[in-house]
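Next, two complexes with subunit A in common: one pairs it with subunit B, the other with subunit C.
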Partner chain A sequence: MSIPRHSYFEATARRRLAGLLDAGSFREILPPAESTPSPHLASLDLPGAFDDGVIVGSGRLAGKPVLVISQEGQFMGGAVGEIHGAKIVGLLRRAVAEKPAAVLFLIDSGGVRLHEANAGLIAISEIMRAVLATRAAGVPVLALVGGSCGAFGGMGIVAKLCSAILISEEGRLALSGPEVIETVAGVEEFDAKDRALVWRVTGGKHRYLMGDCAALVEDDIASFAAAAGAWLAGQQEAGPSLAALRATQTQLENRVAAYAAYRDGLQVWAALGVQNPESVPLLDRDSLVAIKEGLPT
Partner chain B sequence: MNAPHPRNWDSLRQSRGRRLERAAAVGLGKAVPAERIVDLLEAVIQPGDRVCLEGNNQKQADFLSESLADCDPARINDLGMVQSVLALPSHVDLFERGLASRLDFSFSGPQGARLAKLVQQQRIEIGAIHTYLELFGRYFLDLTPNVALIAAQAADAEGNLYLGPNTEDTPAIVEATAFKGGIVIAQVNERLDKLPRVDVPADWVDFTVLAPKPNYIEPLFTRDPAQITEVQVLMAMMAIKGIYAEYGVTRLNHGIGFDTAAIELLLPTYAAELGLKGKICTHWALNPHPTLIPAIESGFVQSVHSFGSEVGMEAYVAARSDVFFTGADGSMRSNRAFSQTAGLYACDMFIGSTLQMDLAGNSSTATLGRITGFGGAPNMGSDPHGRRHASPAWLKAGREAAGPNAIRGRKLVVQMVESFREHMAPVFVEELDAWQLQKVMGADLPPIMIYGDDVSHIVTEEGIANLLLCRTPEEREQAIRGVAGFTPVGLARDQAMVENLRDRGIVRRAEDLGIDPRMASRDLLAARSVKDLVRWSGGLYNPPSRFRNW
Partner chain C sequence: MSLTPLLDTLFPQGHRVQVAGQVITGEATTAEGAVAVLGTTDAAAIDHRMALALAGFVLDTVERYPGRPLVFLVDTSGQALSRSQELLCLNGSLAHLAQCVDLARRQGHRSLSLVTANAVSGGFLSFGLMADRAYALAEAQVRVMDLRAMARVTKIDHERLLRLAEVSPIFAPGAESYRRMGAIEAIWAEPDAGLLSAALAEADASDRRMAEGRSRGGRQLAEVVAHTVEMAVAA
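Moving on to the complex of A and B:
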């Protein structure tokens, strides 16, 4: 056996872009030298980053022009502050004007940067609006989730507003983070230190089995690139519609009715019809995809 | 001539008989119920006895240790404890409660601070701190136990013992005790009608007791690949290219740190790309490190003999009997005494880490306020002058040290350290804490783990220092300073002399070895998580829950 050589999970935001896009095609907008660190962090005597933890720009994916956003999970957990958010919103507005083949949104974030308070919250809501506006303009927004911070809080919502999500087993997607749930509702409700449980409830395999993501990919930058290219080839952005929203609403209501009493992904997988749910965490990607495809729909 | 004073030549046997009679008199046969263990210990142990309490850094006779600590100090006292490792709180309780007064041991690990306090309060008299082989050796000379309290996996009705994969120290302890009139008491995890195999025959064992809980085993050798840093990857690349490949090291032992775990995980990737498969790292004296799984699965490793086992590796080891030592029943057999002997005499290289190193290359893991001891590192991390058989690595090292006409080879003893350890404490120092510790403890010698004159190479993030090629103490000192990074010792280097040493290949940087530090990425690791290791093993490795995130 072999382990993929370029882990997406462990790579920096820049390394992910370098591996994802066609060689030499990436052009950064507002590179570190032209950007400024967060004034809010500076006023709190906290270290800033010249790119404020997000990289935006243009490039090509399998020959097609794309705009890209890549959050750096290793800077403040990828949290969204004012400048960080403004860079993302600006990029999405550019997409509305330029109409690239797609926007690739490499999400790696715990949500709002609490240090920036309302500025961060406003930034998140602006990102949500901009994602929907981009899709309404006929430009698909593809979320890639496989970083160490996952997609939580406001960025969990943003991920679900995108046209589709590609996720790796290591990726996580949810609204409230495990520590938040434990803090608010107690360790009896959710033990955030039980990493296995965290992944069984928020991890990529669970999200994929639940149908929340378009594809499950290996933790490998090249695999993300291939999956994004394949998704792009078959994609026509229809834009958000009332009918689609109603269908999603019904689906979510059914989900609550079916699974709300369960405590663990294992129970949900059994209810979905997975034969040996306890074997799921150790299965490789291809075996899990085969199981998913064999499930009753 | 006067008639010789009549002497009793079998006092040990008579004493043994009286002890067994006392046990019988209180109604105890060979299989002792757990609730009567204190009665047994008080019947067979006498004041002033030398008692061996089995326990190493892995397997522990924890039930017997706790039970001995619960005995009445009015009946049992002044014991001299001989044991490999002082690791459990109950080990130290024996001294605090007045049951024992003397201690000969090898390693103290987590109880090092409590032990140091007792020594300073003069409530414990330390005979000596040994290496494992020295201590085992003295079991057969002047420290033979009167009573041995050991741990086994299972006993049958006759008292035969099955030791399971963690054989460890048991054979050495039992042999010394059973054949010199001593009493052997074994705690077992289960009683079986038929043992998988007999590791200790029943007539060497006097009593068995079914422990309420299975004996504790520490997963000491499990290193999570997720915690390996890119600096450690760089050091591992330098070690592989600059030492393993150049000397053709085939027989070796690794320490237990993340530095050497990084080397193990680079074998199937970086070392394979350098064409080293089959040329290095084929035969090991090593516990079954989970991080060795990818190298084994890739066909790098031909044989591994182990000191003990490792929690979770049982099924994997049993399924790879061409590589590991296993019994006819299929399960692993380890043996610390034999594996240490292999590490001392049959290995061409030892590579490990340390906490402090001085300018002569002496290294120590002792820090103020803690007595940690030595374990097996000094046996493996020393050049044995008794060695006679040659190997290419041993000869090359010997000729580097003493010229082309050298009459003996040299073992490669490699210390692999980052120049700073946690909390920015410099590893390289002008004087080891060991010297101050010696004064505080009133010891004969400072507790030096590896003597500088045994060290052949030092690997840091700054490069490799080859001490074999140094011809004067000044060169040695500058070679060490030359890889000591930004520590005060490193900053005080003589720049010109270090560059001169570099020209002579005594100090080598990554670029001197043709290694681009920017290529030192975690992507080179054959496994980046414990889950990757499980997958490499085909699901046979079953890691303890604390290492799981699934």
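Moving on to the complex of A and C:
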């Protein structure tokens, strides 16, 4: 018997929450009826959204109380404006006081909303500090990346500040978008239309093989729910420490020293010890996880 | 202003600062005592190497000089734009740098950043905006993107953006917009050792940018919305 799949990539932010959380447990904070669209978009004669492209609230995951943030990639590319950012910061501050089992952060965003550029950049800085404050208070923040906009720009930095990232093959995680690099540095540097190349540089399989993401998940809402539940069951938020950051520093320095000259995932995967790197884009999720688990550490 | 006269003016009691590959590291003496000095120069495009050099220096300071304040000198044109940098997860190295600054704060190191020339986007996020308080010199350029590029990306008429920029700090480039929105504490007409010492004495770990942005009239919504979400009664 096959269980019907619900693509996480294609789902709306609300549908993802409904499928992720225990049935009927979601409670939205500041729902559209109590909110107003961005006046900054209105001043540019652009249509707004009553939730400003992000949904925050509470619910249960596998019975445990969680707070949730879900960005809507289909509104302004999930980009962060003043209201959007403030909702996220408010939710993270709430977590410090409420102490849920975790904050689930469903990131689907290109970063700063250019129409509110300064407000967006400052908001992302406030989100960065709020994520770290939440973790320092002992509440893990789990990033889920698998939406159509990925996690780019400042939201790519935010994702890497979270306790861990669950990503799907379709998920993308980076700083500058390929289009931006192509525009500034030329098509020889990064051909943004070469979809396979974009995935080999920014995609979920690459980030997972490199250890930048904790788990690779099928593009299926139920798979994300299961992975988040499993991660939560094994997680203790350690709190910031000099020793842990020293270890990360060494790991990152070694990685840059070893791989700085590479420009394609294929090269890095070969260097990591993957036997047939050219087969990686074709492998299913379970086969890739088996390869990752068999790599020398 | 080039680096040496800037350092001489900010730290007349003395400084020992090195520059390697656009990364500044060292120490200086102020009225508040010894401080660590670090940052970037010549509109650096922040890459893995720079981010890790800065992060390593922050960790060294935390380990060897507990409580020593950190002074960041910010001159960045943003992040390095390259495929090889993205391949190795540049956002991860910038996040690591931000975490190191945050660790220093939690371990009692006060910090301030001074935008000396340019502060753009990702390069500013990982570092300058992570300090307890940020300041800018009057001639500093602070922005996400210039208005002409913004017009191209958003497909909104450049003339219209120019007109709106005159009345709205929400997207007008410039240090003054960031001051009105609460992210830059104050703009200094020129580098000043007295202002630096006073700023160090005032620095504290709380993030009060939303409240400042509201009281200065630049960001009317953020504080109210965040507070509403934080305090909403559970349904």
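Just so we're on the same page, the second predicted complex is superposed on the first by the 293 of 297 C-alpha atoms of A that agree within 3 Å, B and C clash if a C-alpha of one lies under 4 Å from a C-alpha of the other, contacts with A are read in each partner's own complex, and residues count from 1 in each chain.
One rule holds for everything that comes next: a residue touches a chain if its C-beta (ideal position, glycine included) is under 8 Å from a C-beta of that chain, and two chains touch if they have at least 3 such contacts.
Note that the structure is predicted; figures quoted are calculated from it, not measured.
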{"item": "Clash or fit (per the criteria above) of subunit B with subunit C on subunit A", "value": "fit"}
{"item": "First (subunit B), second (subunit C), both or neither touched by A:6", "value": "first"}
{"item": "Partner chain in contact with A:284 - subunit B first, subunit C second, else both or neither", "value": "first"}
{"item": "Greater subunit A contact set [subunit C / subunit B]", "value": "C"}
{"item": "Contacts of A:99 with subunit B and subunit C, given as first, second, both or neither", "value": "neither"}
{"item": "From subunit A, separation angle of subunit B and subunit C (C-alpha centres, steps of 10 degrees)", "value": "130"}
{"item": "Which superposed partner A:153 touches (first subunit B, second subunit C, both, neither)", "value": "second"}
{"item": "Touched partner set for A:125, first subunit B, second subunit C, both or neither", "value": "second"}
{"item": "Contacts of A:40 with subunit B and subunit C, given as first, second, both or neither", "value": "second"}
{"item": "Touching partner for A:193 - first (subunit B), second (subunit C), both, neither", "value": "neither"}
{"item": "Smallest distance from any CA atom of subunit C to any CA atom of subunit B, in Å, after fitting", "value": "16"}
{"item": "Residues of subunit C touching subunit A in the complex", "value": "48-49, 52, 55-56, 59, 62-63, 79, 81-96, 98-100, 102-103, 106-107, 121-122, 124-126, 129-130, 143-145, 150, 153-154, 156, 160, 164, 168-173, 177-178, 181-183, 207, 209-210, 213, 219, 221-232, 234-235"}
{"item": "Touching residues (chain side subunit A, partner subunit C) in the complex", "value": "27-30, 39-40, 43-44, 56, 58, 82-83, 85-87, 89-91, 93-94, 97, 112, 114-126, 128-130, 132, 136, 151, 153-154, 156-161, 173-176, 180-181, 184-185, 189-190, 201-202, 206-207, 210, 212, 240-242, 245-246, 248-249, 252-253, 255-256, 259-265, 268"}
{"item": "Contact set on subunit B toward subunit A in their complex", "value": "269, 297, 522-528, 531-532, 534-536, 539, 548-550"}
{"item": "Residue ranges of subunit A touching subunit B (in the complex, touch as defined)", "value": "1-3, 5-7, 10, 195-196, 198-200, 281-282, 284"}
